[in-house]
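All chains are identified by letter, namely A, B and C, in their written order; residue positions are counted from 1 within each chain.
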Amino acid sequence: MNETTKPEKVSIVLHSGDMDKLYSALIIANGALAMGMEASIFFTFWGLQRLRKDASWAMPAAGLDNGPLSKMHMLGLGKKMIEWRMKKANVRSLEQMMTDFVELGGKVMACDMTMEIMGIKQEDLREDLIGEYCGVGTFIQDARESTVSLFI
Amino acid sequence: MNETTKPEKVSIVLHSGDMDKLYSALIIANGALAMGMEASIFFTFWGLQRLRKDASWAMPAAGLDNGPLSKMHMLGLGKKMIEWRMKKANVRSLEQMMTDFVELGGKVMACDMTMEIMGIKQEDLREDLIGEYCGVGTFIQDARESTVSLFI
Amino acid sequence: MNETTKPEKVSIVLHSGDMDKLYSALIIANGALAMGMEASIFFTFWGLQRLRKDASWAMPAAGLDNGPLSKMHMLGLGKKMIEWRMKKANVRSLEQMMTDFVELGGKVMACDMTMEIMGIKQEDLREDLIGEYCGVGTFIQDARESTVSLFI
């Protein structure tokens, strides 16, 4: 394999279920896609929970309730304030960013081992977004072909 | 250095002491070894605590008590349920995965600075598993020779 | 791009605001600089908070109050003990490590989107340390030119 055939790709394992980490993952991945690179996200462990149909992405109101809220409050910022600032800064919602990711050609991989352990079925997940149900081997193959690999 | 001599390797810094992160690290590392790649894990900070002789890896019962338990419960799953599901999914225990890692040729590096700060001696650690006691420079050298580097 | 022109660089996204993670980031980055590599850290989300003028880095006393303290206590070590051990192990303070990083040629990038969302102005930040105020695209460009990329 030489450099000219090596795809410029960003490959991310999303292990965390924290909303702020999902945000970071999507901002990096969509940034890479916008720069003409490929991008893939392997949703595993707590990260996979974010692909459940019943997971709420309605940021910041609902999302901030599941974790980052306390940190935000530590900074002295209320929910309404964050919501207003994000709108003002043209930051897209998680739902929009997930849709952008898929539409821009990003690949969503759902970890099948996590599904088995946690008893999650394909119909419980956002099948409209998922490109592949697979194991860690698929992620590793992806990562070794990538320029940038991140564990989030 | 050209591509043909570059070893295909996965290099991981394990900073976290969370059981679920150790799981992820070993699943990725063992996956890489199974695919014919090399793999190394640099155990540092809280991660190094998991190499203590007195650290319990008896997943899920004991392990889940140190952190991930509350998250699991959030998902409405009890310990017994998780234990049963993992057995059913043929997921190996952490102890087994650590042993597999070493037997498959994976390299366990113990951070000597963490040992000094936390007052940990070699005899406090699982010397049977550790391949090298070293500093961050050894990890960096390892990472720059790797195809995939992850901070966990 | 061939291997001879590719800069040997370590590129880090610092998403976390935890003191122990900042420590790890700087130890790795300064280690890379000491080995003749380039290094850059993109401070974003909670990580950016650590660049505020009013953020305390006075490790371990003050720093340990913001998070890692409880973990340290879990290990049965008091603040004074940690402080003494770090001094004995010649571990530099975070303030010293940040200064070293910049003086050794490391690049500090401040995420402008985080600044906008959280209402942080340039004068609120340690302008003496920051090399560039920029977006995720700058980090991605940096990471694709790097040998090692880490999300911390």
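Note that a contact is a pair of C-beta atoms (placed from the backbone, for glycine too) under 8 Å apart; a residue touches a chain by one contact, two chains touch by 3 or more.
Being a predicted model, the structure only gives us computed values, none of them experimental.
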item: Equivalent-chain rotation between chain C and chain A, CA atoms, steps of 5 degrees; value: 120
item: Same or different contact residues where chain B meets its copy chain A, judged by the half mark; value: different
item: Rounded Å distance between chain A and chain B, as computed from the means of their C-alpha atoms; value: 24
item: Contacts with two or more other chains, residues of chain B listed in rising order; value: 3, 149-151
item: Touch list for chain C against partner chain B, complex; value: 3, 8, 10, 20-21, 23-24, 27-28, 31-32, 34-35, 37, 71, 75, 77, 82, 85-86, 88-89, 91, 147-152
item: Chain B partner contacts - residues on chain A that touch it in the complex; value: 1-3, 13, 15, 17, 44-46, 49, 113, 116-119, 135-137, 139-141, 143-144, 146, 149-151
